[in-house]
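In the two assemblies presented below, chain A is common to both, partnered first by chain B and then by chain C.
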Partner chain A sequence: MSTQSAGLSRYGEEFKTFLSETWLGYVMVIPATLILAVIIGYPILRGIQLAFYEASLLNPEQMQYIGLENFLRLLEDTTFQGALWRTILLTGIVVSLQYLLGLGLALVLREKVPGVEIFRSLSMVTWVIPVIVMVIIFRFLVQNGFGPVNIILGNLGMETSYWFGQRGPAFILVIIMHVWRNVPFYAIALLAGMTAIPKEQYEAARLDGAGALQRFRYVTLPQISTVSMIMIILHVTFTFKNFDIVYLSTGGGPLGSTEVLATYVYKQAFEQYALGYGASIGVVMLIIMLVFTVVYVQYESAE
Partner chain B sequence: MANTDDASTGVVQRIDAWLDEDMSVRRAGIVYVVLGLYFAFLLLPIVYMLLASFTSQDFLFSPELIPSLSDLTINNYVSVLTIGEFQRYFVNSTIIAVATTALVLTVGILAGYSMSRFEYPGRRGLLYAFLSTQMLPIVLILIPFFLLMYDLNLIDSHLGIVVAHSVIGIPLGTWLLKGYIDDIPESLDEAAMMDGGSRFDVLVRIIIPLSMPGIAVAGFYTFILSWNDFLLVSILSQTEATRTLPFGLQLFQAQNAVAWNLLITAAIITMVPVVLLFALAQKWVVEGLASGGMKGM
Partner chain C sequence: MPQNQSGTGITRRRMIGVTGAGVATTLLAGCGSGGTAETDSDGGTEESTDSGGGSGEQALMWEYGFPNTQGVEPVWRNTFEAKYEELAGEELTISRFAYEDLRQKFLTGARTGDPDAIEGTLSHFSEYLAAGHLAQLDDLANELDYFDGYIDNAIDAMRYQGDLYALPYEGNARAFFVRQDILDELGQDIPETVSDFHEVGRMINEEYDDVVAYHNCTKDGSVRAFQEFMSHIYQHTDNMYVPEGDSWSLNVEAETIGQVFDNWYYQMYAVDNPVADPDDLGTGWQTNDPGYINGNYAFIEGGTWIRNWTSGENINDSDTAQDILDNKTQIAHFPRGEGASKGTFLEIKPVMANAHSDQLEKAKTAVQAYTHPDVLSEGMAQDPEASGSAMTPVHEDVESTIDSENWEALTEIFETGRALAQVTWGPVREEFYTYMQQVAYGETDPYDAGEQFHSALQDLESEI
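Presenting the complex of A and B:
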């Protein structure tokens, strides 16, 4: 009798722990999970579903299942292929430049010169301002006639123009804005990674006769590889799916010369009302980013 | 052949020797020059726009690059700040960004605490599921998202925009907060519970006060993403009543003519709150966003 009740009460204790611990744990993640599931989870499933349907923004309730037809259409859509190629090119150029310039900035910010803290704290300012404000700044700088860039070019006797309206320069300006905005973020993250490297490793390398360049190659670079991976994945996905920088500055123009996948999806859905077709491009973007991330993480963890 | 090898080793040795030098005047000089180049690229555009916002339309349409003292005026600020709609956008932006930050911090601290301290099936998978939402192309979600908000009757409401912004802030916010909470020794929790405190007491008396730097970083991150957002507001806001500053800047861009002096002034006013907030929080942001974020991995 007494052993039985002791056993029962122990069971009761465990049950109470289960209730108070596991359940409390679940209860506390529910609000965040619920908001994400409803506001992102549901729309993403609907979005993926839409890719297999023909649907118009004018009458989104009337959807017709068409299987892979949207995806087959992509194979013949040269505008899509141009946008895909341009998005990959933009992402490749932007992330390479950001990484190299960010690494360079991190290395100078690591130098112990007087006043370097001021530069460290100032650096992230380009990253915090709204994208629309950045776009207004750059459009103001290169505006036709009396934009400061054109005043300088004019004084040098060179050609002046509204540079967002010229095919090549517009693409370059889009690259510059991406670089301008995010280089400091790379620098600060890489700097934090470098600061965490134990001094002894440098001392040991020095005793082994490694010069400064070798120490950079064999101590610094391997030690910041995780931060580098995080920053690169973060910015590849950010640049690849970015909508607002391109849309607000050039709208994809002039003559489609800055059209990227995100702006093309937006136009298909909201200007051509082709919801299903737009969604199929979105699904292609999602697949490319997933494949990139999985392959990159595998590669890094194999090293 | 041997000669070029010697030459290149010589160069490497010279670079090595120079990099090994302790802080010499020459080395510091080069560091300052490089810093100067970087910061000219980063800051000159902002500084020039700031300067231009204190000049008149006449100066902006003159071939002069640098304004003289007589060109300077605060008229643009007076004009922009006295526009009724603009004041309204400012208030809307403030309400939405503050409410979003409060919501994200509340659910983020709860979720981060849960993921850091409780053992239950699916805990790690849930965190990855949270983070993976960051990879979704927002344009793919836009249409079903709009239809959903329409069904929920959240179009053109402050609440709808707050919920939409929270969704962007929750994953990274939770991740950051979990990282900071992981760093608080669990023995502190246990000691408090030994004294008869509940899990809730631990959260309020120990976790929240000790993870303040993390809360500052997550709060700052959420505030700026809400304040800066253009796309979601452009979808959800249908009238003046819910328009925020980034979306409202089009007030100054008519079809053909741009009122540059007013537009750049309004743009400056739009970025002032986030820059000020950054100045206040930068100590934690600069340390925390980089190093604190990595702890969560």
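Presenting the complex of A and C:
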């Protein structure tokens, strides 16, 4: 009995010490936590809840609980399946290209080439211009008749068209826009990572007889892995849920060939007024992104 | 030490992982990234704003009707503000949104009571009505001594089951824009039948290297494309859907839809000798309107907003544009297919009061001021950036701004216009884009697509 009271008293003491040492920290975290709970937590929970209801945008108060029916409907929805496949394909291709090109650009920017400072400043232009401006530029470039791309193709005796209106090319153009927009951001982030690597490490590697490729493989790459991971996670998420690039350029067409999950959610929620069904697609997107993030982080941690 | 480093690294990575997961979860907080920066209705300026909250006791109005050209005096908007101040004895706050943003924000946020009044399009009107966001305005109408001056077509479009929910301020009917100079050169008359139109169109394509006979909108999600389609449906029927009890009943035959698909999409793009340019497939008003104004097309389907569009980033040469619109354009009824008569899509722009507003009287005053004949004649008609909007006025006290003989036909065409029924059109539009593109891209026979679309439209009868 006395041993038990001694044990309890010890836990009590430890709890008091824990509180006395950390209460200030908790107090300081509470406001931010509350704000996050309201502006992020509530919409997420509300979205998840909606996925289990039949709810109309026009009469959202008249919700009817339907369990997993929305998710079962997704299994038979060929438009959803097509959009899911295109979203995964788009994300895979875009993030791979962005990373590879961004890495290449970062390596170039690291070198002391004449004019690199100007180029470094200019390279961020694509990232800062609004998406609508980018889409208008690309639309102009491939405009039928007078778009510069078509003028060049025409002069080369090749086929011309409004390429956003052609099935295969429209999807490729969406990929190009994503890549064009974000490569500089990758480059600047990776460059920051590279600049932080001590020069002595390269010197040591050189003394050990490492060539340029080996120095890149065993010195540069491992030390930009954290920034790489952040960039990849952020851009996988960004591309996976991106709406405006596709919606403004093709609207998901032609013939659904550029329809992605984000545009499909929009159409379900705002054109078909099917809030619940749209939310169920959002839940699927959330699960996929969570799984990706967890697996990727685990993989990186193991590495 | 290495162990510690490793441990720290993993912890950091885990933190990043959690952050990444957090970012991923924002998926559910909305798939967009701010406002849609471009509207796809009638053309014109593209803009969105993220502001728009209320400001104390002043009434708040959301709108996209006033011109917004930088550096130009906003004559119409100033006239409206002065009229509101005269009627309400105070100022009001105006927030400008692109129509698509305005619609989304109002559908999702009207219950908060903001904005008090809103301007929009007829398809928005149906949606807001179905959502229960609109206040009845019969009492306001009874107080207006000029109410009887609104044209019947326009007021009918503002009613649902006999009750008034909006007042109109602008109207335009879709018309056939014809390059008369090209027809004169070819010794041809304006085609009155679809078969004549196809024949003349193919002749133009053969004779001219730098002009394509026709263009219409075929972009997925283009509201304008749907309006063009409806123009041709209205050549066959007064209403696509008619009320039947508490529901709606489809009022058009599958054969008719097939014929419209054939005449205006299949023959245009998918046949061996198309009237339009298949390389223009997938484009919207951004190609259509400037394309005509720049002289690239001989025929398009347009409206009054094109009248003064002679400058801006889409216009290659202002003098050429002016010449085309002033001297070379003839407005006409659309060519008619078999069994069709004169008819077209009638766009009536409504101004509405939010039923959830806690200052409903001010909201109604805003509606009154926006649609007041004085504001329409002294503001809209006098504003150089908007005078086209008053070419076919919705009130008899407002004089038409048609200043060219070639454009006078707009008045008669306006009278043949049919406004959209108070149906929630979103699901109908979504079905339309699928079948229209299948036909235009030559994937489906137009009459088969007509059958399938008809069947889909019937399935929607109880949902819209």
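Please note the rule applied: the second predicted complex is superposed on the first by the 263 of 303 C-alpha atoms of A that agree within 3 Å, B and C clash if a C-alpha of one lies under 4 Å from a C-alpha of the other, contacts with A are read in each partner's own complex, and residues count from 1 in each chain.
Keep this in mind: a residue touches a chain if its C-beta (ideal position, glycine included) is under 8 Å from a C-beta of that chain, and two chains touch if they have at least 3 such contacts.
This is a predicted model, so every value here is computed, not measured.
Chain B and chain C, once both complexes are superposed via chain A, clash. In the superposed model, A:149 makes contact with neither chain B nor chain C. Legend: residue contacts after superposition of the two complexes on their common chain; A:108 is shown touching chain B, with no touch to chain C.
Of the two partner chains placed by superposition, only chain B is touched by A:129; chain C is not.
Among chain B and chain C, the chain that touches a larger number of residues in chain A is B. Of the two partner chains placed around the shared chain by superposition, neither chain B nor chain C is touched by A:175.
Looking at the shared chain after the overlay, A:31 reaches chain B, while chain C stays out of its contact range. When the two complexes are overlaid on their common chain A, residue A:63 makes contact with neither chain B nor chain C. In the overlay built on the shared chain, the residue A:226 is in contact with chain B and with chain C. When the shared chain is aligned, chain B comes close enough to touch A:121, but chain C does not.
Applying the stated contact rule after C-alpha superposition, one finds that A:250 touches chain C and leaves chain B untouched. In the three-chain model built by superposing on chain A, chain B overlaps with chain C at stretch 62-70, while the rest of 62-70, 80-88, 134-142 or 368-376 show no clash. Comparing which residues of chain A touch chain B with which touch chain C, the overlap comprises 40, 43-44, 47-48, 57, 130-132, 143, 145, 226, 230, 237, 241, 243-244, 248, 261-262, 265-266, 279, 282-283, 285-286, 289-290, 293. Those residues of chain A that touch chain C in the shared complex are 40, 43-44, 47-48, 57-59, 130-132, 135, 139, 143-145, 160-162, 164-166, 170, 226, 229-230, 233-234, 237, 240-244, 247-248, 250-256, 261-262, 265-267, 270-273, 279, 282-283, 285-286, 289-290, 292-294, 296-297, 300-301. Remark: chain C residues 9-10, 12-14, 16-17, 20-34, 36-38, 40, 46, 103-104, 107-108, 127, 130-132, 218-222, 277, 279-283, 286-287, 296, 424, 426-427, 429-430, 433-434, 437-438, 441, 443 touch chain A in the complex. Residues of chain A touching chain B in their complex: 20-22, 24-26, 28-29, 31-33, 35-36, 38-44, 46-48, 50, 57, 60, 101, 104-105, 108-109, 111-114, 116, 119-126, 128-133, 136-138, 140-141, 143, 145-146, 148, 151-152, 154, 180, 183-185, 188-189, 191-193, 195-196, 211-214, 226-227, 230, 237, 241, 243-244, 248, 261-262, 265-266, 269, 275, 278-279, 282-283, 285-286, 289-290, 293. Contact residues of chain B toward chain A in the complex are 12-13, 15-16, 19-20, 23, 27-28, 31-32, 34-35, 38-39, 41-43, 45-46, 48-49, 52, 60-65, 106-108, 110-111, 113-115, 117-120, 123, 126, 130, 133-145, 147-148, 163-164, 166-167, 170-171, 174, 199, 224, 227-228, 230-231, 245-246, 249, 258, 260, 263-264, 267-268, 270-271, 274-275, 278, 282-283, 285-287, 289-291, 293-294, 297.
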